[in-house]
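You will see two complexes here that share chain A, one where it goes with chain B and one where it goes with chain C.
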Partner chain A sequence: MPDQPTSPTEERFNHENKVGPHTRIARGPTRVWGLPSRWGRWIRRLAPIVLAPTLLGFAPHLYNNLSFLTTMVVYVVLAEGVNVLYGYTGYLPFGYVGFFGAGAYGAALSISYWHVSGFAALAIGGLAAALIGLVLSPLLRLSGAYFALATLAASQVIYYIVANEPWTYGESGTSLPEIFNANQAYFVALGIMTLAIAVTVFIRESHFGLSLRAIRSDPVSAAMAGINVVKARTLAWFISAALAGLAGAIWAIMTAAFYAESPFDLTISVYAIVFALFGGVRTVLGPVVGAVVLYTLYQYIGISNPQYFELVYGVLIILLVLFLPGGLSSLIGHSGNRPRWLRFVTSRVNRAPELLSGTGQPIPHPRASNQDLGGRENGRDGY
Partner chain B sequence: MTTPLLELRNVDAGYGTTQVLWDVHLEVGEGSTVALLGTNGAGKSTLLRVVVGLLPLWGGEIHFDGKRIDRWDPNDRIGASISYMSEMGVFSQLNVEDNLRVGGTGLSSRDLRAALKETWEEFPMLAQRRHAPAGSLSGGQRKQLGLAKALIRQPRLILMDEPSSGLSPILVKEMVGILAAIRDRHQVTILLAEQNVKVLDLANEVAILHGGRNGFTGPIEGFRAQTDVAAQFFGLPSAEVKAEEPSEKH
Partner chain C sequence: MNDFAKRTSIGLVASSMAFAGLAALSTGSAMGASPKSSSNTISVGTLYASTGSFATSSLPEYAGLQFWAKSVNAHGGMYVAPLKKKEKVKIVAYNDQSDPATATTLYNQLLTQNHVNVMVADFGSVLTAPAITIAKDQKQLLFDVTGSGTSFFSNGANPYVVLTSLPVSAVWPKPVAKLLESLKTKRVAILYCQNDFDQAQATAIQGFLKQKGITPVYFQGVPTTQSDYSTLVQSIKATNPDAVLELGYPNNDIAFLNELKATGTHFKFVLTPFLGQLPTLFSQDVGASTVANTYTYAVPPTLVINKVNLGLGLTAFVHHFAPGKASTVNFLDVAGYNAGLAVQAAFAHATSMSQLGIRAGITAVNGKLQTLEGTFKVDKTGEQVGELLPVAQAVPHGNGYVLKIVYPATPSQKTMVNATPIYPAPTK
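Right, the complex of A and B next:
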C-alpha cells in the first residue's frame, strides 16, 4: 500500500480502501444460526440431509397414497439432479429423461435377465445412466440452447432404440416380479433422495462446488486459476446422470409393468426442470420444496381437472420468471438473493413500527446502496 | 548469463487465419519486471495468452525454467508456477473470499488457510469486503482482488494484462505502488502488458511490440534514453517519458 495520502484529491480517490463510517468490517462467520461456527457449520450441512427424509418419512401417516408419494420423491431426486447440472454448471438438460429411462431399463433388464436383488438393480440402473452419460459427454462441448436440444435428441435416440429392440421387450413391455412392496419402495426412494441431498450438500460445501461456480461465472478465468474445467464439468454431468438413473431404477421397480414411452416421457424432463427452478437452483432444499409443492398441486388439480392444471402451471411459471427468478428459496435466506421489490417490501414491513410512530430515519432506496436495509451486506452467494 | 525464467523463441501465433505475432523473441530473467509495451492490437495480450496456453502456438518455442512448455496443457503451466491476471479476471458472482479460494485451487486446505491469512494482511481492503460479491467492487478493488488471486499460489512468474486499464491516474499510481511492494516482498517475476507510461516506474526492462514484431528491447534506462522511440509509443512529449517521476497533470 502506498504511504499516506498527500493531497485532498488523492485522499478522495483513496477513500474506497479506507474504513469509513459505512464500511462493515467482515469477520468470519463466528456464529451460524446462533451457534458457534464450527457446530453451526456441521448443523447447516447435516440438517437438510436429516430433516427432509425424516419429514417425508412421516408423510404416509398424513396421506396414505404410496404410489403418489414415491413418484413425488422420485421427482425430488430428479429435480436435485437437474440442480447439480443446471444450477452448478449452467447446462440445461432438456433430454434429462434419457438418463431416467436408462436407469429404469438398466434396473428392469438386470432383474429380468439376471434376477439380481433390488439393491443391485438400483446400482445397475445408476451405472447404466452414468454409462449413457459417458457416451454423451462430448455434448458438453456444446453450450446453451444447442446443448439443451442435443440432449433432447439424444434422449429420443435412446427411446427409439429401447422401444424397438426385442431384447429390451420393446414390443411386449417390461413386466417385473414384485421386488419391494409399496412401503419398502417408498423408503428406498427416500434413501435415494437422502443420497441426492447429501451429494448436493457436498457440492455446495466443497472446493469442487466452488470450482463449478467459478466455471459457471467465467470458464476461461477458472482454467487460468488452475481448475480443470473439462474434468469438473464431466464429473458434475456423471453425478447428475447417476442420480437420474437411480430415480429411474426405483421408479421401474415400483411400476413393474411399463412400456418404453412411460420412462422416456418428455414431460418428466420438463417437470424436473420446472420443479428445480420453482424451488430455486444452487440451493440444497429448493428443488425438494419445488418438487413437493408442485407435484402435490399436480395431484390435486392435475388429476381431476387437467385442463385447469396446465393453466395454473403456466401462470405459475410466468409469475415465477417475472417476480421470483431465484425460485421459492430466494424468499428466505440471504436477503441479497431476494428480488429488489421484495427487499423493498420487507424493509418497510420490518421498520413499520418506527415509521408509524414517526421516529424512523428516511429509508434509502435499495438501489442506492449495496447494503440491504436490514444492515447485512447483500449478494452473498446464498443457498 | 544465467538462463532466463521465461524465454520465447521465434514465436508465431494468431487467431483463426490472422497472424498476430511474427517471429517474436523475449527473455524474462528471474526477479525482473518486464513491461511489454505497444499500442492497441500490437499483440501484447496475444503474447501473454500464448505463454499461458490460451492460444496455440503456430511456430517457435516457449521455455519456462529450462523446460519447453509450449505443448503443455494450460493447467500444467499454471501448476508450473505461472499465474495469469487477465484484464477483468474476477468471478463477479462469487464473493471475495471464494474468488481467492478458487485462485488457490490445488493448495492443501492448511496452505490455503495460511495464504488467505497472509492475503488479508496484505490487502486490508479485501479483508473488509471478504463476503461481498466481487461484482460489487469498484474497478480498483477488482484489480486488487485479481492481483491477490494471482498471488495466492505464490507463483514465480505473473503475467499481467493491463493492470492499470480503466483506473484513474491516481489509482494507477496506487496500483504501481502495490505492485512494487508485492514484487519486493514475494520476489516474483512480472511480465506485464501495458499502455500506461506510469508502469515504467515499476519496470526494469522494456520490450516493445510493434505490429506483432519485436521493437526496442532492453533495460529501462536505454528506453528512456531513446526518447524518440518512447515518445512515439506513448504519443507524449519526450520529456515526460524521460522524467524519473512523470509529473501529474491536473
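Right, the complex of A and C next:
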C-alpha cells in the first residue's frame, strides 16, 4: 500500500518528535482491564453502577448511624451532579444548593398539601429543581466567575422566597413525621445514587458526553464541528439540576422537620464542589470516593476532635488541593493526569511510555505541558 | 503489575480506607472524648455549637447543663428511682457548629453509637428540629430546652418530647397586650421577623388587641436576616404610634435599637423580646442610654424565683454559677441548668429505665415541680405551659439601667412587680 500523503502540520510533528516509519504507536486498546475489549468495556461501564451501591449497602452493618450514611449518599449524588455540570461543561455552580433546596421543598410541600407517596414526592422534588433550572437557564449565557456568582445569587433569591412565604411554611418550618422512615430513606438514597452514577457513565460513554467535552474545551470549535452547543449545555444543566432535586427530596424525607435555613445552607454547595474536586471531576467514581472519604472524615473529626474541626479539615483540604489537584482519581487514571510529584515517583518505579520515537525516546504526552488548574484539560477521562 | 491489577488494587485500597473509616466511626466515641455510657452512670447526650450563628446562645445553655451535672455529681449523683440508688451523670456532647445537617447525624450518633439514656437538644428551633423527628422515630426521650417551634407540638400527643424552658411563643405576648390595654394605648405598631418564633407572637398579639377593638396601625413582617431598619423605622414613625413592638432575634433587636439611636427617633413605648435574655449584650452593642425605658419579657435572672423544690433557687444559682460575676449570668445559662433539673426529676420519679418509664417520671412531677424558672408543667404534646413571662422595663439607674418587672403575667406574679411602667418614655 502506498504511503498516505502527510499534511505540513503532521510533517512538523513527525519531525519534532522524530516520528518515522519505525515508530511504534499504541493503537486502540485490544484489552480493557485485562479482558477482551468488548467484555472489558461493558464491565468497566457496569462496575461502578453495581459496586458503589453494593458496598454502601453493607455500610449500615459497620456503622448504623443512618442519618450520617444517608447524608453521605446525598452528598455523593450532589457531587455527581456537580461533576455532570462542572466536569463535563466547565460551568462551576456555586449556587447549586438552590436546586437542592428546591427539591427538598418540592417534596415537602407535595407531601404536606397533596399527601403524595414518598416516591411521588421524590419525582416532584426532581421536577421542581428541573423547573428552577429552566427558569435559570439564561444564566448559561454567562461564563466563569460571572456564572458562579449568578447561580449563587439565584440560590439566595430562591431561599428568601421560600423562607418568607407562609404557603411554603417558611416561618413555621416543615414537619413530615408521617413519611419518615430512616431505613427506607437510606436505601432509596442508594437508588438515587445508582441513577446518578449511571447517568455519569452514560455521559462518559456517549456521543452526548463527547459533545460536552468538546464544548468544555472550546465551544466555538465545537459549534463549528456541528455540535448544538446550547442544547447540549442546557441538557447537562437540567440533568445536574434534577439530580440535586432528587438529593434534596430524599434529604427532606429523611430529615422530616426542618427550616429553610437547612436545605439552602451554602455549605451544601461548598461541600458538593469540594467533594467532587477532591475525588476528581470528569470521572465516574471520583465524586463517589471524594464524598465518601471526605464526609466520613468530616464526621470522624467532628466526633473525635470537635474543637479542632475547622483547623484539621481546612488544612487537610488545602494539602490535598496542593498535592492532588486532579483529585484522588488522578492516582489511578492516565499517567498524564497525575500530579508532577506523583509522576516523578511513579516514573522511578515503572517506565511505560506509550509512544516511542524512532530513536527510542518517549514523546512527551501533550498533557504534560498543557494542563488546566485541575490537571485534566485535553486528558483522557478516567474512572 | 499490569494496568488492570494496578487499578484494581488501588480501588480496593480506596474502598478499604472508606470502610475502615466507617468502622472507625463506629468505635470513634470510644477513642474520642465521649465514651459510651457504662452501667453505673446515666449518660445525657447533647449537642452544642461552638461556632456559627447559634454559638452565642448555644454555649451558655451548654454551660448551664454542665454546671447541673457537676453539681449533681458533687453530691454523689442523682437518684434513679428504678435502680433505687444514686448514679453519676455523664454528659456526652458533640459540636454541631450551628449546622442542622451535622446536628442530624450527631443526634443519631448519640443514640446509635453512644446509646445515651436521654437526649437534651441544642439551642433554638432550627437545631432542635432534627432531634424532634429522630426522637419520635426512635422512641427516644428528648428534653427540648428552647426549641419552641409550634410545628414541634402540632401533631397531637407525643410522649417523647419535653419542652423544659419556655412556653410556646404564641402565649408570650398575652401580658404585653394587657399592659398596653392598661396604658390605654390605641395606636400600636408591630414589626416582626418572618420566623416561627416572632410571627407566632405577632399574630397572637394582633388577636389579643383585636379583642379589645384595637387594630394595629402598622403590621409588617421582614426577613429574619433584616439588618437595615432605616426605612422601616421612618415608616413606623409616620404612623405616630403610641407603642412599637419589634419582634425579632437578638441581631434584629439590636439593629432596630441602633437605628433609633442613630436617627434620634423616639417612641413612647418600645418592646424587644431578647433584651430580657441578653441584657449584657444589649448594653455592649446598643448602649445603656438607648436601651433605657425599653420593655421586654422578664426571664431569669431578672425574674427572681428562689422558692424551689428541686435544685438551686435563682440567687444561689447565680452565686455558684459565676462567683463574683453575677452580671454575666444570662437566661440561657439558667435554661441549660433547668433542663438538667427536668432530667433529674424524670429519673427520680421514673417507673422503669425504658424511655416511657423515664417519661412517666415527668408526668409524676408535672405541675408540682418548682425550679428557678417557676412551675414546670407540660401538656400532652410536650409543650411547656407552666409559667408565662411577665413584662419588664429597663429602668434608668445611674449610668446604666436595671430591668424591673412592671406587669405580671399571672396573679401569682403580682408580688414580683417592683416598678411602675414609665409611660410615655421620656425623651433622651
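We take it that the second predicted complex is superposed on the first by the 318 of 383 C-alpha atoms of A that agree within 3 Å, B and C clash if a C-alpha of one lies under 4 Å from a C-alpha of the other, contacts with A are read in each partner's own complex, and residues count from 1 in each chain.
Everything that follows uses one rule, which is that a contact is a pair of C-beta atoms (placed from the backbone, for glycine too) under 8 Å apart; a residue touches a chain by one contact, two chains touch by 3 or more.
From a predicted model like this one, the values you see are computed outputs, not experimental measurements.
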- chain B or chain C, by number of chain A residues touched: C
- Message: For A:Ala223 in the superposed arrangement: first (chain B), second (chain C), both or neither?
- Response: first
- Message: Looking at A:Leu62, would you say it contacts chain B, chain C, both, or neither? Reply first, second, both or neither.
- Response: second
- Message: Between chain B and chain C, whom does A:Ala257 touch in the aligned arrangement: first, second, both, or neither?
- Response: second
- Which partner does A:Leu297 contact after superposing on A: first (chain B), second (chain C), both, neither? second
- Pick one for A:Ala163: touches chain B only (first), chain C only (second), both, or neither. second
- Answer with first, second, both or neither: which of chain B and chain C does A:His207 touch in the superposed model? first
- Message: So in the complex, the part of chain A that touches chain B is made up of which residues?
- Response: 1-2, 9-10, 13-14, 16-17, 19, 23-26, 28, 207, 210-211, 213-214, 216-218, 220-228, 336, 370, 377, 379-381
- Would you tell me which residues of chain B are touching chain A in their complex? 52, 54, 74-75, 78-79, 84, 86, 89-95, 98, 101-103, 105-106, 124-125, 127-133, 135-136, 138, 140-141, 149, 153, 168, 170-171, 173-174, 177-178, 181, 250
- In their shared complex, at which residues does chain A touch chain C? 33-35, 55, 59, 62-68, 71, 160, 163-164, 169-175, 177, 180-182, 255-259, 261-262, 265, 267-268, 285, 289, 292-293, 296-297, 299-300, 302-307, 309-310, 328, 331-332, 350, 383
- Message: Residue numbers of chain C touching chain A in their complex, please.
- Response: 1-8, 10-11, 14-15, 17-19, 21-26, 28-29, 31-34, 50-51, 94-95, 97, 99-102, 104-109, 112-113, 125-126, 129-130, 132-134, 136-137, 149-152, 154-155, 194-196, 199-200, 221, 223-224
